[in-house]
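Listed next: structures, encoded as structure tokens.
Consider the two complexes below, in which chain A is the common component and chain B and chain C are the respective partners.
Up next, the complex of A and B:
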């Protein structure tokens, strides 16, 4: 195949896409967009949700989502206008000339077919490769994507590999047919930071090696800085700014781009969070000591899957404790123990210094009132058949005995607190947006007038900008109400900007805990260090620097594994001592007051 | 410079919306709920269903003859062709087919409706009960249900009616119990699905009792899909009751019912006299079931998108 450099693989000329309204009128969604993707180049389409970035990227496949239609202009794939082709005409292009990588690899793979079958399907189906050639190509890609055990990974089923591996396998699926253009739609958004690095690195390398062109759709400028050559900034279906990555990232001119830059989460830095130095040495609002908890029932009365081991955390009145760790580290499990949804097998829970029953059912109403839970997904956390008035009114009635006018008054105050108009009281949850629903979700917790609010990944499902607004709201609520927050997130920068204290969980154990300032500055547990170094920075070249360090080369690539003995981080730790770390549990080291690091290494070795 | 002026112009154009904090994500999932407006096929279905329901209620009062009266007592002859005085002709015993259809409508629709209601009461209570109870209760109820489900419905109906004799209350009970098995499964699946939703857990964390959780959290969310299924289930019960009657085990002569009318008059086809005595009740069954289906389809198409989003 003659693949010359500088050849334009995909180009849009004044592309317009309209949405069809119910009444037959058309609403412009994409309003005349021009950009070019040359061979060997990655072009990033960036913007917040609703900016039309996914719609534009899909036009390269000659596809419009249902309810949309091409309204003008051209989308040229290898010089052919795909907007005017029939499905039949498009068939030779899709999967062969252009491949699409969706956000969720788990949803892309068929769970009941072996991976290799699915990776090689497209080229075999299109007849561009024989089965042997396709298998050889797949194997080559598994090597290039640095998948573990490349010879045999194709024989596994999708559920037998980790999320990050599946994401890379999806790239292999797309690249197996050697397409000219690759469309990647937010491929790392749902991943942990450590996994994200690993996937970004593999993507970048393999795109360069294959000489394909790529469109990379995302809202995250720091990710774009690592992978793209060109950036196209979109807002409301229009191009606001376009140019080489360096120019856009380091000297953006347009106010909208600058606003996107400002929405980038600040890097987790020391010096944030407030020192607790109040004289009133009251007992903490909520405390757990030596918790062991897990799921299922084993033979010996122990849980079949033990998640938390010897976890002790205390939440002081009016303070915010952030709990971080990768997915599968037991963050939500800990929240469920606090809430009484999962009674621990060992250990005690104290509320205001009094011992509390571990099981929800045997806690009196006053105790239930003091601990409120805010769920991650507002969509499922609010009963779709209840109006906002009923959702918020029930805790008022149930805990505080408010009725009639008093209840309505309090309801109004609550909606006010979360910055929603009072008129929303009569609406159903599906008549609100994602961010508004999350506000109602918060208001419901506050309605109970609790002492501690448990927030489980409350911003993870939201758009960056909407999520940032919710964090702002949380900050003002904290100042207003004096409630303690437990803030669970896998996003270190959000936690760092919000929490007074941080608990780093790894594989169900506390790796490090202390004041935010202390946790984020040396000495660190190696795991904390890995998490901190994995948060992408919005500058070109960060990815290369980071993957060169010994922390990340040891840390990325491994997964979270629960171990019965020794330190669970052993297999990913750059400082691991074989014979010690994998055999005996690490001691608690305290470099300063209220700062605990569980590691076999001396404090001096951890700086 | 030209490019510079253009940029400034651009700015004025777009700064306003996002500084006002409006973005696409801030738009709600759906507009404030609109009322159900039937489509043309929905209207047709409703008209036909409405027509049959009216006949079912008023039939005995507006029928030209009594159920077992002969329109032409002086000229007895089976299967007379349509003529003034008997617009659909007469049946095997020379009774007016139109009048019998009108009497039969009430019986067929009434029995089926009562049986479906009974099936729902049994199925929903046990199904949701199984979903929210512990695994042991669920196990016992589900296995009993599976046993019933494994029996062919018509056979089961035949055995029960043959053993206990045929009467209308017995017919209702038999059909009700048989169809309760299907509804049990549906209600249990819905209940289980809703049980694991966060809002139910939120209610538990709040300390709500079991009764509140069933009536306020689970039921409102299960009701809508169950309602849609009600129409479909009613069709099956109509067909079941008609089949039993056709086999001679349902409504007993001389009482009229659409299924038994088809059986009584089969001779008309045999002798090639007229097809109306068989076609008229068969067509009645067909129009009613198809019409119910049209209405159900239309309602669920309207709520479909939203329904799936809610669940």
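Up next, the complex of A and C:
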């Protein structure tokens, strides 16, 4: 096939897609969209959720999600209008000429089939490769994507590899048939910053080497700046602005694009932390000292898998403590210890200065009331068969004994606090959007009138703009109610914009902790530095620069491993001292008051 | 996985014990005891007392329960109050009869129903799917005797094949002969289990079909047949096996209408006998046998579901 540059691989002309409503009428979702993708080019479709990004990108496969249908215009893949073809006619294109990478690899891999079978399935089925050729191609891709143990990783089942690895394996699945067009739908949104860099790097390289074209769907402009050549800005099913990546990022004209740019989280820098006024300097609202905790039952009463070691954190009244670290660091585990869901094997928990039982079951109701938990998945945390009124009403009755008129009044106040109309009380959770559900979740936690609210990744499942609104809400709630928050996230920028203090966890230990300003400025623990330098910036060329630095070449690609001796960061640390760091636990160093860094290096070496 | 299976075994054992206790206590609160029933109204006090001692009824309840359970484990379920025949022998004959019909029904009915259900899931919303759904829903509504009557009318009277009453020995017959011999009851039973099997297997496959990995397979250009057979079925095995096991358990406990209608000596008619003659030793025995059958079938279903789950088969 002649792969000349400039060849248009995919093009939409006045593409229209409608949603079918229950009453038989149609609602336009995509309202006449035009754009082109040339060979060797990456075109980014950006816009907030609901703007039609995914729907438009799927049109290149001639596919509409159930409930949608093509309503006009053309989608030309290599010159053929795929909107008019039957499923049978489309089969030779799908997986062969055009391949799709979905947002969640975990959901896209069939749990019952081995990885290699799924990766090589398309080319073998289409008869473009024999089984041997397909296996050889897959192996080559596993190497190119820098997967561990490439010879054998294909024999595993999807649940036997980590999230970041599965995401890269999905790229292998898409590339195995050597397609002309790749469609990538938010492929890094769910990943840690360090893993995201690694995956972005692999994608970029592979797209270049294979000479393919790509459509990259995302809401994150910083990511777009790293990977795209062209940007198409979408809003409400229409193109608002389109052009080369430089122009759009650095001198966009359209107000909507500017709004998207403004929603980019500021880079984590010193001087951003919200210093809230000291209300009353009494004992901290919640404090843990010297906590060891883990899962399972091993011998001699120790947990089979020890996760947290010697963790001490104190949360002052009305303050916010951010807990940050990569996936598997033990953030949620710490939250579970706070909440009493996981009793620690050593260490003490204090509420208002009074020692508290580590086990939820043996705490009195009034202690339960003071600590409330908000989960990451608003969907699963809300009972789908209860109306919002009942969901919020239960804690009002249980903790505060409110009934009748008083209860209804408080309910109204609560909905008001989280900026939802009172009419929502009669709705069921599935009648709300993701951001609204998370608000109900917050309202439920606040209904108990707690002192501390634990928020575990509350914005991770939301898109940038909705997530930013929830953060704004949290800030105003903190000011209004004087409640303390523990804010857990893998996203350093979000934590930095909101927390008074930051705790950086690595492999179950505190690497660094202190006031936000202190943690985000030198001196730094090497792990904090790695996290900070991995947050993408919205400028072209950032990815290449970052990959080149010493920190990332050492730190990226490693996974979190728990160790019994020495510093757990040893195998990823650019400053590691062999013979010391891997054998003895690092000392606590205090460059200033309340700022702790656990590292063998002197403070002067850590700037 | 071994631990999980052992756990299930444990749960099964506890279930059987709990049921045995209920059965035991249940027969104790009934008026009159075994000795009285056996000897009738005219028996003298002394006779009854002597007979009681022989049956062990003079002991305390806990003791009686332990003896009864121990006997049961040894395969001795006591002697019928109505006929002096050992219960074990009474049940064994009927159990064999019922199991023969149940297995024949399963051999024919289960594969056909599953195939029909899965086929409907392959082409949802088509004419075939809608007709099948209509039929299976109306089958649920139709009582068994109605189906049986229709079949008898059709085959025996209109077409003059098969026989309406199937007394007769099953000994020495090949499987084909057996099927012919039992054609009418088996067909009736097939209809009875088919509706649920069709609907459940269709639902299980459709549920898997709406998952993202199936959408991915479609977007990879995988043909529909392979999507169902390779991608979807593997993940639907668990729920399907469960429904099959439940239906088999239902068949083994005997389908009373069918047995009565076709004059077939199975377990269900044995219960009726037991109730009519107030032979509660027999009823105790039957209760335990039903419970055991149910627990064993469910255990098999659970193990099948575990084995079909890759997370349990290949832990990290």
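Heads up, the rule we're going with is that the second predicted complex is superposed on the first by the 588 of 607 C-alpha atoms of A that agree within 3 Å, B and C clash if a C-alpha of one lies under 4 Å from a C-alpha of the other, contacts with A are read in each partner's own complex, and residues count from 1 in each chain.
Just so we're on the same page, a residue touches a chain if its C-beta (ideal position, glycine included) is under 8 Å from a C-beta of that chain, and two chains touch if they have at least 3 such contacts.
Model, not experiment: these values are computed from the prediction.
S.K.: Which term applies to chain B and chain C once both are placed on chain A by superposition, clash or fit?
M.R.: They clash: once the shared chain is superposed, the two partners overlap in space.
S.K.: Scan A:540 for contacts with chain B and chain C and give back first, second, both or neither.
M.R.: neither
S.K.: For chain A, which side has the bigger count of touched residues, chain B or chain C?
M.R.: B
S.K.: Touch test for A:575: chain B only (first), chain C only (second), both, or neither?
M.R.: neither
S.K.: With the two structures laid over each other on chain A, which partner does A:85 touch: chain B (first), chain C (second), both, or neither?
M.R.: Once the two structures are laid over each other on A, A:85 reaches no partner at all.
S.K.: Report for A:160: first if it touches chain B alone, second if chain C alone, otherwise both or neither.
M.R.: second
S.K.: For chain B, which of the listed stretches 4-12, 40-48, 94-102 or 238-246 runs into chain C?
M.R.: 238-246
S.K.: Please identify the positions on chain A that touch both chain B and chain C, taking each partner from its own complex.
M.R.: Shared contact residues on chain A: none.
S.K.: Across the complex, what residues on chain C touch chain A?
M.R.: Within the complex, chain C touches chain A at residues 211-213, 216-224, 226, 230-231, 234-235, 308, 310-311, 314, 316.
S.K.: Given the complex with chain B, which residues does chain A contribute to the contact?
M.R.: 48-51, 235-236, 238, 240, 253-256, 259, 339-341, 360, 363, 365, 368, 372-373, 375, 377, 380-386, 394-395, 398-399, 427-428, 430-436, 444, 448, 462-463, 465-466
S.K.: Touching chain A in the complex: which residues of chain B?
M.R.: For this pair, the touching residues of chain B are 7, 10-11, 14-15, 17-18, 23-33, 197-199, 201-202, 204-208, 216-217, 220-221, 306, 309-311.
S.K.: In their shared complex, at which residues does chain A touch chain C?
M.R.: Touching chain C from chain A are residues 58, 61, 63, 87, 90-96, 99-100, 102, 104, 107-113, 121-122, 125-126, 156-157, 159-160, 173.
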